[in-house]
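Structures are listed in the sections that come next.
Next come two complexes, and both contain chain A; in the first it sits with chain B, in the second with chain C.
Here is the complex of A and B:
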């Protein structure tokens, strides 16, 4: 990476920024999965900001003119005040802001924490886990007085929001993480200036089944099976074998990678074009496949086969779904309930 | 910000519905509110929007004010959506740019509270306005009606409907489960109150069915599957093997004569088990088609593979007998369906104290019909099982009817057939006949007169419910045979009477066929609590069903006598004819369609469609909806995981906007 210049000495090349908010970091690795093409990227872009890989300072970005960055690939959801600040900053400075990967696009796994609030999360993380030794019950505080003065930590929000719920996003690149070939496609598209309609998802307008070679017959399910229960038949539709494969509801573009290796699709590409609520869609499709008219039997089939409905149906998209979060009293950045909390908007 | 057309000119009309709506909802305030909604250029209220002046107002406004969307806040769309769509169309607007906000059933009728009513009415109007803004003009579509009818059931109802349709030049497929058409009427001796011989009036019709060039008669056959919808049903019919080829048999009955069983020794269900038949038999002499059949449970050749096959020899060169016949399934396409599957009689053996099934001389009325019938097992002689002629007969009314333990309803025909049997039994045997009744119900043409006549003939009437039928205690009875004693409280005399009789006739209820539930599901018909098929409207659509193009005739819809059955059959035929002769029917405008790019061919929707309208295009690997079959139920749209199945008038965006509109005022 020695050829890239984080300080943005003008090289005439379009500027590229990458940022990592509330996410696991897999998206950062995914960028490198384009292999040697990363050199081509460096050839055509001036990487001005990529905290994971390149030394760079926020103040340098702050000093830039608005729109000076040609392209920003932003991964991760918005969980803290710092992330929100960075999202707003990079939005302002970038011509094209891409919500990169499932977390930025729809919240992903961190979004499942919307089933809890800040206080519960802190209690678990800083007190209740077995490996935590915190007898005084000290939680992170936004402001801490020390002899040298006051220290600040970002405020931890009650609700994880997607990038699109925070700032205007130009494009969405789905996936957990996005596939190398799609990343490359997107980069080339930006360089060549052939971009689709603003606000659109870069991908296909159909679902994973379209790319899946498995044989489909009839979807009638007597029992949903967990993946550890069976070694699935290699040739037939996994869902028809009772394994919940989210491919029917998940946007295509991944090449049906998971089903091809006998693993069900878990839905990381999010819903198809025009579908607002992935989980709701998948739920009504699954419900229609249950092969019974007896309410008790149906209840049993669901209870035994789908012990974690939210984790199954909304694994990647709870934060962006119509549900957004559990309906529980939200707390503010300091764990306070009440007026301050409502300003943050538990349910936006 | 309202979505939709930029040049929206929405008119909102608030109907008072007399005081139905205006009595609860402040229509002026609602009008004022509507006027403030984005896109609305005009809002009015009017006493009766559905009246001619109301519709005229709408039309005038569309033309004068250039409205391009209309919301009518009135009663349920199932009542007047068509009215307002038509009015808009007459004013030059596309009829699907009209939306109804139901503020009567959903608002005014469910609360007395004016304030909440106004709020809810506002929410409905706001939802309708936001939704209609996204409506697109749609074209009306029509499908042709196949000029061919399926009539299910070959009793008098089915026969009558089939003949009426066939006489009008339409092709009819008449399906009968039994080996012969004729149904229950063919079992009867005489009919009330005119005492016409049932066979004399029925058999000409049966023969007419057989000979009619427009009727294809499929006996010993059952409908097993129905697909499609009005105008174009595909029905599968399972045909059981007769083991005698219908097209080769001439009905000479030589095979029956020649059967190795020289004596008939198998109970004949047509004679309610009172008569016997051979393994090769014809259910009754006038059966149509006049073709015998072989009972595989009784025939030695079919059962054991070994027989002298004297029947084959007797048939000779005709070669009509075919032991290799198999069940076959035939498929037909029809435009309309008349369901005339009739009834079954109540099984009185469940009422222990009447002794039916245990005491040999306790009969059902239908068994007595067979005894009285000249073509029956006793050639019309009324003989008890021990061969005696009964001298004293009790007829018990309301067996299984008007009894909460069995059927709460009145079976309508029992009083009259009991009176008829009383008359016939007395006429044939000279017996003393006791009619034990709860109420005598004779509300029909000539019925009361017939009742008077039977009374004058000396039939005894006892007002009371029979509590018990017992054999005469041991000891020699009259002529050394055991008789019966009935116990009945004579409520007019106020005393319990015990009457010795030789024969008890149970006037059993009419009830739905045992498989009525499967049949109604197959044809998409609802049923009433007692299980009879449900007409679309009890008064104004008595032969229609919830499924367009499926009509009802006869006792499958409820107990009724022959004249009523025939009248209903003709009514059903007329309705079917009206559809066929219209030549086409308008499709539901809100059909589903597949966004081909979005469809991944996952096959979720295909088995869900109740109308079998969806198939998979194997080449393109996508689902395809046959618009002519789609009824717009939305099942596939709700289930489609990829959002590829969409519905006209129920687009996701339209629904979302309507919800947003409603929720923003809740």
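Here is the complex of A and C:
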């Protein structure tokens, strides 16, 4: 790395940055799940930025030359202007930007909040939850005047975006969180310079079913069962027992851990190669299993067995789905139009 | 282009519809309607597929995402499928897809399933007209505006850089 002198700590080692945006923090822990190999990482990389684990300042990153960071593992979706700023900054400063984990790749659980909007989220978080005491109804404002001047908070977006919807991403590492072996393989691939085609997902090109040892026969069901309703038999495909298992649409790489312990796949490794809309594909597969040719009965089976279709079909990927979110109503969620909604204010 | 023209003329809303029609029945029916010089609303863009069972729900989602106001799926009558029973799968997928779209705020009536045999040109033309009218009542969908953030975003991002430059710099 010839540019290292631009930044004080020139060790000659390639620079590594890790960052988190709208995520739970599990991806940070996942990095440590590579165990003692983390020492090997520290041996080969100069960790210049990792707010969760090491001291480092945004200002130092801003001062770096473009492309000075060899690899940036970015986890989390983009919910605020500050996160978008960091995504753009790290994109510019990094040679290889990896969308690390489900949130950065496809929005994950934070992306399910795309079923509501900023006003509804603020109202829940700053007013309606039982543990909230906010008699003056104070909500975060992007700008607040104080005697010393103006203070700013990042703008909170209505819609959570994925990293790929915000900046150009070089590689995607799937999983909620990614598996330790996959993380290690990706790190080694970067060090050895044998990376796959830009824009690709570092992972397997098949579905969880391929890694699942359960016996598969014929998929025909009369009823979708919720997991609390039955104790599944250990041998046969969960779908054939009427339990919604997302393995059929989900990228392999986890070793089918969940179905092996009698728990259905919930789809955390995202869509398989070539799939544009995870929910659409899962929907297609689930619906065609219904053993009925009668529209009324079909309707009943669906409504009784799937109380929350979006949460079931798009648990990890609503933000990256073709429709990205629910319709943004003119009303504010309490049925009030415009004015009441804009009082919460942030931006109109 | 046509969208601008409509806006300029200030005329009533003309829905943009996509219709997936199966090669063996419905597409032939639409052909028959044409040959018989039956008039039906020009709002529908027909896409021929080999079977209504070939219509991946992704196609429908993509049509909505790219600006369709309504989507029609047309196939052979139940029991008449050229591929034996694929239209039953369509029937099931349609039910789950409508239900899912409703949770996302897309009215169930914006997706319609029609059975039309190769001989049913007039019925198909009528079904298209009826669908166009229904979607016209529902109004435009314009899905992509749902994820557009307001104009203050860029300003806020720029501001962060300014603040960092001002506040965090230690004078030498």
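Here, the second predicted complex is superposed on the first by the 320 of 348 C-alpha atoms of A that agree within 3 Å, B and C clash if a C-alpha of one lies under 4 Å from a C-alpha of the other, contacts with A are read in each partner's own complex, and residues count from 1 in each chain.
Simple rule for what comes next: contacts are C-beta pairs under 8 Å (C-beta built on N, C-alpha and C of every residue); 3 or more make two chains touch, one makes a residue touch a chain.
Note that this is a predicted model, so its numbers are computed, not measured.
Visitor: Considering only touches as defined above, state whether A:216 meets chain B (first), chain C (second), both or neither.
Guide: A:216 contacts chain B only, not chain C.
Visitor: Touch test for A:274: chain B only (first), chain C only (second), both, or neither?
Guide: The first partner, chain B, only.
Visitor: For A:207 in the superposed arrangement: first (chain B), second (chain C), both or neither?
Guide: The first partner, chain B, only.
Visitor: Applying the document's definition of touch, where does A:309 land relative to chain B and chain C: first, second, both, or neither?
Guide: After superposing on A, A:309 lies in contact with chain C but is clear of chain B.
Visitor: Mind working out whether A:248 is in touch with chain B, chain C, both or neither, as first, second, both or neither?
Guide: It touches chain B, and chain C stays clear.
Visitor: When both complexes are superposed, which of chain B and chain C contacts more residues belonging to chain A?
Guide: Of the two chains, more chain A residues are contacted by C.
Visitor: Does chain B (first) or chain C (second) touch A:74, or do both, or does neither?
Guide: Touch partners of A:74: none, neither chain B nor chain C.
Visitor: Is A:184 contacted by the first partner chain B, the second partner chain C, both or neither?
Guide: In the superposed model, A:184 contacts neither chain B nor chain C.
Visitor: Show which residues of chain A both chain B and chain C reach, each in its own complex.
Guide: Shared contact residues on chain A (touching chain B in one complex, chain C in the other): 276, 281, 284, 287-288.
Visitor: Give the list of chain A residues in touch with chain C in this complex.
Guide: Chain A reaches chain C through residues 57-59, 62, 81-82, 84-85, 88, 115, 142, 152, 154-155, 157-159, 161, 276-277, 279-281, 283-284, 286-288, 290, 292-293, 295, 298-299, 302-303, 306, 308-310, 313, 321-329, 347-348.
Visitor: Which of the residues in chain A come into contact with chain B in the complex?
Guide: The contact residues of chain A facing chain B are 205-210, 216-220, 247-249, 252, 271-276, 281-282, 284-285, 287-289.
Visitor: Quick check on the complex: what are the chain C residues that touch chain A?
Guide: Spelled out, the residues of chain C in touch with chain A are 56-58, 60-62, 64-65, 78, 88-89, 91-93, 95-97, 99-100, 103-106, 143, 145-147, 149-150, 152-153, 156-157, 159-161, 163-164, 168-169.
Visitor: Would you tell me which residues of chain B are touching chain A in their complex?
Guide: Going by the criterion above, the answer is residues 597-604, 606-608, 621, 635, 638-644, 652, 656.
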